[in-house]
Amino acid sequence: MSTIDSTLITIILGSKSDQPVADKVTAVLHDFQVNYSIHVASAHRTPELVMKIVLDSTASVFITIAGLSAALPGVVAAHTIRPVIGVPISGKINLDSILSIIQMPPGIPVAAVGLDNGSNAALLAIAILAISNKDLAKKLENYRKKARAKIIEANNDMN
Amino acid sequence: MSTIDSTLITIILGSKSDQPVADKVTAVLHDFQVNYSIHVASAHRTPELVMKIVLDSTASVFITIAGLSAALPGVVAAHTIRPVIGVPISGKINLDSILSIIQMPPGIPVAAVGLDNGSNAALLAIAILAISNKDLAKKLENYRKKARAKIIEANNDMN
Amino acid sequence: MSTIDSTLITIILGSKSDQPVADKVTAVLHDFQVNYSIHVASAHRTPELVMKIVLDSTASVFITIAGLSAALPGVVAAHTIRPVIGVPISGKINLDSILSIIQMPPGIPVAAVGLDNGSNAALLAIAILAISNKDLAKKLENYRKKARAKIIEANNDMN
Amino acid sequence: MSTIDSTLITIILGSKSDQPVADKVTAVLHDFQVNYSIHVASAHRTPELVMKIVLDSTASVFITIAGLSAALPGVVAAHTIRPVIGVPISGKINLDSILSIIQMPPGIPVAAVGLDNGSNAALLAIAILAISNKDLAKKLENYRKKARAKIIEANNDMN
Amino acid sequence: MSTIDSTLITIILGSKSDQPVADKVTAVLHDFQVNYSIHVASAHRTPELVMKIVLDSTASVFITIAGLSAALPGVVAAHTIRPVIGVPISGKINLDSILSIIQMPPGIPVAAVGLDNGSNAALLAIAILAISNKDLAKKLENYRKKARAKIIEANNDMN
Amino acid sequence: MSTIDSTLITIILGSKSDQPVADKVTAVLHDFQVNYSIHVASAHRTPELVMKIVLDSTASVFITIAGLSAALPGVVAAHTIRPVIGVPISGKINLDSILSIIQMPPGIPVAAVGLDNGSNAALLAIAILAISNKDLAKKLENYRKKARAKIIEANNDMN
Amino acid sequence: MSTIDSTLITIILGSKSDQPVADKVTAVLHDFQVNYSIHVASAHRTPELVMKIVLDSTASVFITIAGLSAALPGVVAAHTIRPVIGVPISGKINLDSILSIIQMPPGIPVAAVGLDNGSNAALLAIAILAISNKDLAKKLENYRKKARAKIIEANNDMN
Amino acid sequence: MSTIDSTLITIILGSKSDQPVADKVTAVLHDFQVNYSIHVASAHRTPELVMKIVLDSTASVFITIAGLSAALPGVVAAHTIRPVIGVPISGKINLDSILSIIQMPPGIPVAAVGLDNGSNAALLAIAILAISNKDLAKKLENYRKKARAKIIEANNDMN
């Protein structure tokens, strides 16, 4: 990956079982040739590991993935001023992870995206990076164009 | 308080605005003459303070009080093997704090009590202490008897 | 089981169909070599049996498992001052058992854990016992260490 | 009350604070000149009192009123084969008392009516009694007619 | 069925797809040898048929079964002063049928039972009939005893 | 009102207490000089009156307003093939009236609008009438333009 | 299709994955021989396409189908004064699409039908068209009669 | 404001009634001396104005504030590749605006923050800008320190 060398995004999964949603994140990042590091660390079972990953990271943006009482995004946000994106994972209740991630107290924001929506987490991270990265901005415009073209084509196929 | 000298319970509020529920906790503890320490520390804004309070504490049981995305009980539980009781605080949604506290991942339990139910948090802590403290057990039996008598009296007043 | 002889924990299932969650409880208790007794008794269909089990039990902690309108934890708590842990069972609604167990009236606390979270119920019971049992406290520290090591290993495997 | 002498309905409040909804019950029963007894007894704080009231009662129908984790209707139903009506009381969540009362396990039914809907609890009890009581059936027909007339009048007033 | 000749219960399904829950109702009624009639009629698609069934019925109690916006129980109750039991049917939301059935306006009560809980609807109807039918009361006592014995046996099997 | 003579819209309130939301409906209809008739009739307490109003009405569209288990819109729709708009009324739960109105079974549609949103019910009725009424279509365009202008003005005031 | 020539209804799917619900819409429209056009266009990914479809359409009624944060119905309604029907699509939460479609702000109404209820969307559109189309009105009466007959037959089959 | 000259953030309110939450946003931006523009524009009532504001804006980040069926954040995101933050506004349901904002379809992300949480929206925007703005990063570190100090002081005051 010649265009973008350093690790721009640090991904943290709260549990290995969150891998399928992480795969949606990394699929988009590969498309955009954005370097990332990926980790498993539980806010509740390994708080020190979470802290170490955050402090060691030189990434610009964090993507955190967690289900149930999803404390991970908030705990990561507590240890950095860099933007933290939170992806709630579906389960038997769904409102648990959504509300745990979105209802942060004033002072420590988390950017919540939709349930299991790993691709949107990646695209939001890229949109953030694209503010000061023209190459990524161009790629993002192209990505949108392709998505648009695909729907227009699907629409044409219907008639 | 001669019978019970050391601090048996450490109370942590996630925010000063949780004081009214903390008052319900301490009212019960005063009744039972149980020593406690009380602190304000936010899992998101002051994670180090939370950790310091937990590690410094020699209490047997923690009572944690938090609203919104109530990470505090889980974060305290992450730093100790002692039992942690979590009290969800009411707000505009209510299910946010309840689900954040009760839906802990396997491995790090929190003992959740009802919304704003500070007195039950105190009584649960006392029940836990009473396992190996006959004086507290006796007081708890008496407390129950009085509550029972009050209802029986209310019932008699109706007829 | 030489180290811990007497029955420390009494487990009550509200229905035979709750067995899979009870198995998660007993798996942890076996790991910790903690003696327990296990029963099936419905708060609604066999209230006398529930009461008999509670009054006969010499255990220090109760673990109760129930779904739907999960009255069992509260009914057990009504008959003892010992700590009662409640595990809500999943079904078609999920909020029914969670709210039935967590929303106890002031005076009779139940320690609610997460939906179907039998292992956390066991670990909470052990944490309560560990206050005055150094052997269990050491085992609990080890259990946590192993869980931590497993995540750290999983994390290492990712990179 | 000459027409109906014996106590036909036993009302039990889970807490003194449920009185306003109990007043809606008794207002209807007075209208219909139906004798009732009224009690306060908590399923969690005074289970023996609940059982005593149920076993002592010679009423044909029970009306039970409770909020939060509303175990009272189910606990009454556990001690009698007579029909038990449950009225959920509103609070900060509302779904707690509704689901606790309606989601009874197979075998022990409770007849749930709407949130705070004391008058419907009374009317349902009267409908049950009216099956074998022609006087009450006639009164119920009249009550319905009056309610109908009131709406028809309100409708006429609009045009 | 010699002991109880006339039709005591009229069952109405809102849709043919509710048959599995109706089967739970009739299984219990067969056990108790209670005569019933059974119908399919939609409150929305065939309101006249619903009304005809209600007015033609000489049963003492109605059991109505409906999903989604479950208007059937309330519409039946609007046409009779006899007790109407409503069984909410599960689907993609579940709260829709539960709330539609339980939240009746003051004046026209419905006795709501749990989601898909056909057996409790039947048992509630029998409890209502048993007020003035000693044979059914005895059978209901026996039914409860058997249910109790089954749990006690299951409990014995565990130890 | 010279331009539009006959009654185009029939409004039915499920209860007199729904008047404030009905006032939002009629305020819009007055603005558009659309003739309407307005009635109070309960689907549960006066089903015959509801049917009579529907069968007597020569209006093109029905607007129905109801709270709790809001059966009125569906019951009106059951008696006519003309479009029926349903307005859910807010209360202690809110999801009850919304789900009762929106979750109609296949075959009998109701057009649900937002909670307490009387003005949108009126505007939807006008949009339906405007399909074949150029005068109303022009008025509706103007109404939208004014709403737009008001926001543009508010926006200009901010800067 | 000789009786009704021009396109009366424009259907827009927010995503190709909504096709199964669109099929329920078109099945009813085929039954009624109502001409329609059908399109795929995302309010979020192709807002210009949505606008173009709306402005190009000469249909009298729009049927829009969308899941998740279902903005499509509201965005269509923002570009036309013609009636817009919204069909929420089921997913992991269900309340997301229902609330997104029904809770429109005052001024821009959407006619919401039930979750996945494509046939009701079609029937509501036909009811709207039938106001000024006697042929469709007759067909709709017949459709209802057939639905009624089918239930009456099912009812007869039970007895 | 010498350090940061150009407009970095564009704030859009869906309605003038959202002003109190917008005030929380601007209070934080004033603290950080970050230039912003502020607008009122409804996604449903003035879609062209929304598009014009987005296309005219040279800001790096958008903050959008909306209640009910909160389409505004998604509609803004549809017209730009720059990051869009969405603030759900509280009302009678609360889950409506939260789910409308968070449940975006794959391809067009919105960064959702908590209910009415204007200050977190501002802090998230600043965190995003701070990636490539050392001055803002320093200010954000200071802001956090002050918040931390305030809690530590509150904690000291308790003991």
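We just call them A, B, C, D, E, F, G and H in the order they show up, numbering each chain from 1.
In this section, a residue touches a chain if its C-beta (ideal position, glycine included) is under 8 Å from a C-beta of that chain, and two chains touch if they have at least 3 such contacts.
These figures come from a predicted structure and were not determined experimentally.
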**Study point:** Intersection of the contact lists for subunit E and subunit F
**Key:** D, G
**Study point:** Interchain centroid distance [CA atoms averaged], subunit C/subunit H, Å
**Key:** 43
Study note, to complete from the structure: Distance between the CA centroids of subunit F and subunit G (whole Å) is 19
Check your understanding: Just curious, how far off is subunit H from subunit F if you go by their C-alpha centres, in Å?
Key -> 35
Review point. Which subunit C residues touch at least two other chains?
Key: 42, 45, 68-69, 93, 95, 99, 102-104, 107-108, 114-115, 144, 147
Revision key, fill the gap. Full set of chain pairs in contact is A-B, A-C, A-G, A-H, B-C, B-D, B-H, C-D, C-E, D-E, D-F, E-F, E-G, F-G, F-H, G-H
Check your understanding: Where on subunit H is subunit A touching in the complex?
Key -> 60-61, 81-83, 85, 98-99, 102-104, 106-115, 117, 119-121, 123-124, 127-132, 137, 140-141, 144, 147
Study note, to complete from the structure: Seen from subunit E, its contact residues with subunit C in the complex are 90, 94-95, 114-116, 144, 147-148, 151-152, 154-155, 158-159
Exercise for review: Would you pull the subunit H residues touching subunit F in the complex into a rising list?
Suggested key: 16, 37-42, 45-46, 49, 68-69, 92-93
Study note, to complete from the structure: In the complex, subunit B touches subunit A at residues 14-15, 42-45, 47, 67-69, 71, 74-75, 77-79, 93, 95-96, 99-105, 107-108
